[in-house]
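Multiple structures follow.
Both complexes shown next keep chain A, but they swap its partner, so chain B is in the first and chain C is in the second.
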Partner chain A sequence: MSTFVKFIIDGKICLSEEGKQLIEAAKENDIYIPTLCNYPGIPPKGSCRICTVLINNRPATACTTKVTENMDIKTSTPELEDFRKAVIELLFSEGNHFCPSCERSGNCELQALAYRYKIAVSRFPYFFPERSVESWHPKLIKDHNRCILCKRCIRGIKNNDGKTIFAYGRRGQYLEINIDPETSKNISDELAEQAMNICPVGAILVKERGFITPIGKRKYDYNIIGSEIENQ
Partner chain B sequence: MGNTINAVIKKYNGDETRLMDILLDIQTELGYISDWTIEQISKALDIPTVEIIQTLSFYHFFHREPKGKYTIYLNDSVVSNFYGKEEVKKVFEEEAGIKFGQVTPDGLIGLFETACIGMSDQEPAALINEQPFPSLTPEKARKIIKMMKEGKSIEDIKGNKYGEGNNSHYLMRSLVNNNIQERGAVIFSDYTPGDAIKKVVKELSSTDIIEEIKKSYLRGRGGAGFPTGLKWEIARKAQGDIKYIFCNADEGEPGTFKDRVILTELPKLVFEGMIIAGYAVGAKYGILYLRNEYRYMREYLEHVLQEMRDDGLLGKFIGGKKGFDFDIRIQCGAGAYVCGEESALIESAEGKRGEPRDRPPFPVESGYLNRPTVVNNVETFCTAVKIILNGAEWYNRMGTKESRGTKVLSVSGDCERPGIYEVEWGFSVNDILRKAGAKTHEVLAVQVGGPSGSCISEKEFNRILAYEDLATGGSLIIIGKKRNLIKDVVLNFQKFFMEESCGSCVPCRVLTVIYKNIIEKIVRGEGRSSDIENLQKWAVFMKNNRCGLGQTATNPTITAIKNFKFIFEESVKNNSENFYSFNENEAVKEYVEIFNKK
Partner chain C sequence: MTKNKKIIATTSLAGCFGCHMSFLDIDERIINLIELVEFNKSPINDIKKFTKHCDIGIIEGGCCNDENIHVLREFRKNCDILISLGECAIMGGLPAMRNGIPLKECLEEAYINGPTVKDVNSQKIIPCDPDIPKILNKVYPCHEIVKIDYFLPGCPPRADLIWNALYALVTGNELLIPYEVFKYD
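Let's look at the complex of A and B:
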């Protein structure tokens, strides 16, 4: 038996199961908290920081927080909204996101968030880093230009033996995702597809599977990210 | 080679959580960790190579290519630069015939730079094959390379002018000096190893200890100042029969070196503190996490642990008491400042990359191997022992209301007597400057608490070192008026944070690069006033990073701008907002080259 708790989000009284991830609990109450590194069903790792909210007036990431009775949560102060915008802009500055030519365009969470926040250009200087595209894998393409290092692939994808396929390499600005040649060798088409889908951007692609959804039918062509939660 | 690898893995029972030790030992044996080696480890431990690379490539002392029979890591800290690092660097390069970041073609010498190695009172310093070489000069550098070319051993190159105290111990033989300038009543006072343990065994229960520590108001000395008694109490009450005590000897905050001196002179006091914490919390295992820069002490520290075992102070039946069992192992790091953060430290000790964890849960609830874990600073453990010996009341007579007792300070930079000062809390910055022989009229700024602390000006030199005013983990870097604050200090610190970010949080990973770039631009004379405004404005985004590194990583810039605005304004005053540092010829250079080639 699970106990229900009462908590407040932006002044609205909400109910949910005790210990539920705040992102999910908010969703149940029709409140959208933007996320990037979070992915339903895999353990959270608060790395993008975009879901930062105020809990009893202290910043915390909603993906790593569990709701408790009487929590007072603010999700959209002007400072928080500007912070979220900044996170998105920082990611656009850091990598090379040439969305018009990207296979993921229209289905990309980063791009969709930029539209939601009406970002035309980053306020931060662009790095234009030199990054590679790896295509040695029989099924996958790894485009480092687009990777936002959210760790979703690391956390969410394991091979048949339960072994890691993706892992971080290096640190700081040189942080990167490596694919293990051995453990990824015999992955099924389904797992490759899953890896592509778990990636919020176009950094993991399945070979010969680009641009399959026509413009107009893509996830965010007409719908703002988060609107499916807010307009219930 | 394969035998070496297998022997090392066997030594650690093929335990993948000991990957750090496995990699460290293999690198010591083989010089570097090749792709082939990684594959062998992968097979033996049955973990994917990417996971090994994930750990390995995180730490800057691990090498995947040969790094030279002699590997020189020259300290790139602020104070090292004050005291002539560039000249020493030049000589190393000239004599070795290579640039930093390279290895001589014959594989003899490798030259690398590294962040603060905890020798700010004897700069410039370098680590050569893990041995510290403090107080370098161009002449010494020349001689060192010459001896390397003659194939001399590290011991020969070191010579025999060992430092004071235990630095000369036969298992350390290090050139490092302690420079203890002032001894206080708590840490550097009389001490007989084992007395506190005897007292505990005879008359104190675990709750008595915790009560006494709570009554003393002891707060952690690692920087955050968390009440130690409360931490131990939470850990004691935490569910689980296996618990751990960690001593944080990562001491990575540039300008801080007090833990090095404490570990050199009073290792038994540190270990005794861990043992007592174990007794109070109900833990039977302790781990000393020693930064790689201090690995030269390891053999000596192992020897001290053995002495304590032989004396019945460590192991089973401590002090003759049934059920009082506690043992300690040493875990070395491999070069990552962020591993000083307690949860990153735990990750690292588990053989992983040193990425801080999300909190909650806190380590006291779920830490090492997901068991309740107490992490305390070296100095905190020492202080706890003295409180147990002399009582909380004795301790409370020293210091200020919110900061009881004494603090060991690391003082360095532009002063006559850099070194260690154990003082009661409540001294002003001015007092310390005077003690250290810095002429106040020649001091431009003092960096209090390292780069993550603040850069203060004369106006604040009367502030008090205490939690209620200027809280500090204990370092003061004195910056003379002859220094270029932005170039010599702020840029160095921003570069430090950029290199040390674990990279997980977006604001930390990206903004540390942006701050470093903008400061660099200002130093080049290409800054504009809007750059200064942006630097001030964007710092708020850092508050929401996961750990203390990211949360403080723009402090060098914003505290310097706050207190030395005029220096920043002066540096940008000739450039209008329309000034662009864009250089057309430079920008099209590659194109022109290719075009002219045909």
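Let's look at the complex of A and C:
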């Protein structure tokens, strides 16, 4: 039997199993901690830093931290909120995020977070990097313009042999996530679909479709990201 | 009454006029608006030059050529408050999709190699008449050229967002932005 621990999030007394990922533990207690790189069911990475919270007044990522007894967690001080906004704005400045022409618009988690924080413009200059679109794969399109390098696809998508399909290529500011032509050659339609859905943005797309859901019926058209947790 | 009316100017730089169309989507509220404001330089009334100092300047589109920059600076000089209206003014928008491609390649594709031009432009001419505005190396967001005071996102910004923002600005009331009108597409 697992032990339950008591901890405090934003002044609210919470209960959860000991050793549970803080993001999940908060979710159980109807508290939403914003995140981009975390995905339920795959090992946390802590790469986007958006889930940064204060644990006993020290900043730490909520996806890689496990809950322990008497933890005092603050999720939304003005500094944290501004920090989170800055990270989202940096992601918008760093890549080429042309929402009006993106197939994922309305279902995109990066965009949904920007809506949640009402970010109208990035405080950083737009970088407009030169990036390519790989459309030669049999089932998938990889758009490097939109990739935020969260590594969800690398961590979450494996082919029938358990081999990874996505991998990092190049280094530093040229870092990109590539599709392995060998392991991705014979993937099923379901796996291709899964790869598209695991991507928080529109960087991985299944070929020959797009803009299926009309404006007004998309995931984040009327629902704020995280509201499904907060309004329980 | 006319004395107290705020004066608005609008322009479309490297945009598609979609934001102006969305502006007109405020429908019958335009009658309420005209009670509150007076329009100066704007494509809506076809006034080409500033005839007086304006309170609010609304900019649609980013800067893709030197004429855009000239007009934007004119607006900064003649308006107290500038608003970037829509994705193109805010971050370059769809015209900025060329920013990752060298300008030479863009022009060659448009005038020499493109499927609709390659058979007709036998002399391989890229227009460069001095009367034509010079194209810039990149498409720039307006706030990278002049100071912009407010930003209204959307492609186009929802009519309700434009109305709410203008109404709040002109009357001094608090601006309310419902979630569903704050969109990037």
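Descriptive notes on the structure:
The definition used in the following text is that the second predicted complex is superposed on the first by the 232 of 232 C-alpha atoms of A that agree within 3 Å, B and C clash if a C-alpha of one lies under 4 Å from a C-alpha of the other, contacts with A are read in each partner's own complex, and residues count from 1 in each chain.
One rule holds for everything that comes next: a contact is a pair of C-beta atoms (placed from the backbone, for glycine too) under 8 Å apart; a residue touches a chain by one contact, two chains touch by 3 or more.
Not measured: the values here are computed from a predicted model.
With both structures placed on the common chain, the touch criterion links A:Pro100 to chain C but leaves chain B unconnected. Of the two partner chains placed around the shared chain by superposition, neither chain B nor chain C is touched by A:Arg58.
Considering which of chain B and chain C touches more of chain A, the answer is B. Residue contacts after overlaying the shared chain place A:Leu149 against chain B, while chain C stays out of touching range. Looking at the shared chain after the overlay, A:Gln111 reaches chain C, while chain B stays out of its contact range.
When the two structures are aligned on the shared chain, A:Pro125 is found in touch with chain B and with chain C. Contacts of chain A with chain B, set against its contacts with chain C after fitting on chain A, overlap at residues 125. Residue ranges of chain C in contact with chain A, taken from their complex: 84, 87, 90-94, 96-97, 99-101, 138, 141, 143-144, 151-153, 155, 177, 179-180, 182-185.
Interface of chain A with chain C (complex): residues 92, 96, 98-102, 105-106, 111, 114-115, 118, 120-122, 125-126, 128-131, 145, 215, 221-222, 224. Of all residues in chain B, those touching chain A in their complex are 42, 47-51, 53-54, 57-58, 336, 353, 358, 498-507, 509-514, 517-518, 538, 540-541, 543-546. Taken in their complex, chain A has these residues touching chain B: 44-50, 52, 59, 61, 64, 79, 83, 86-87, 90-91, 93-94, 124-125, 127, 148-149, 151, 163-175, 178-183.
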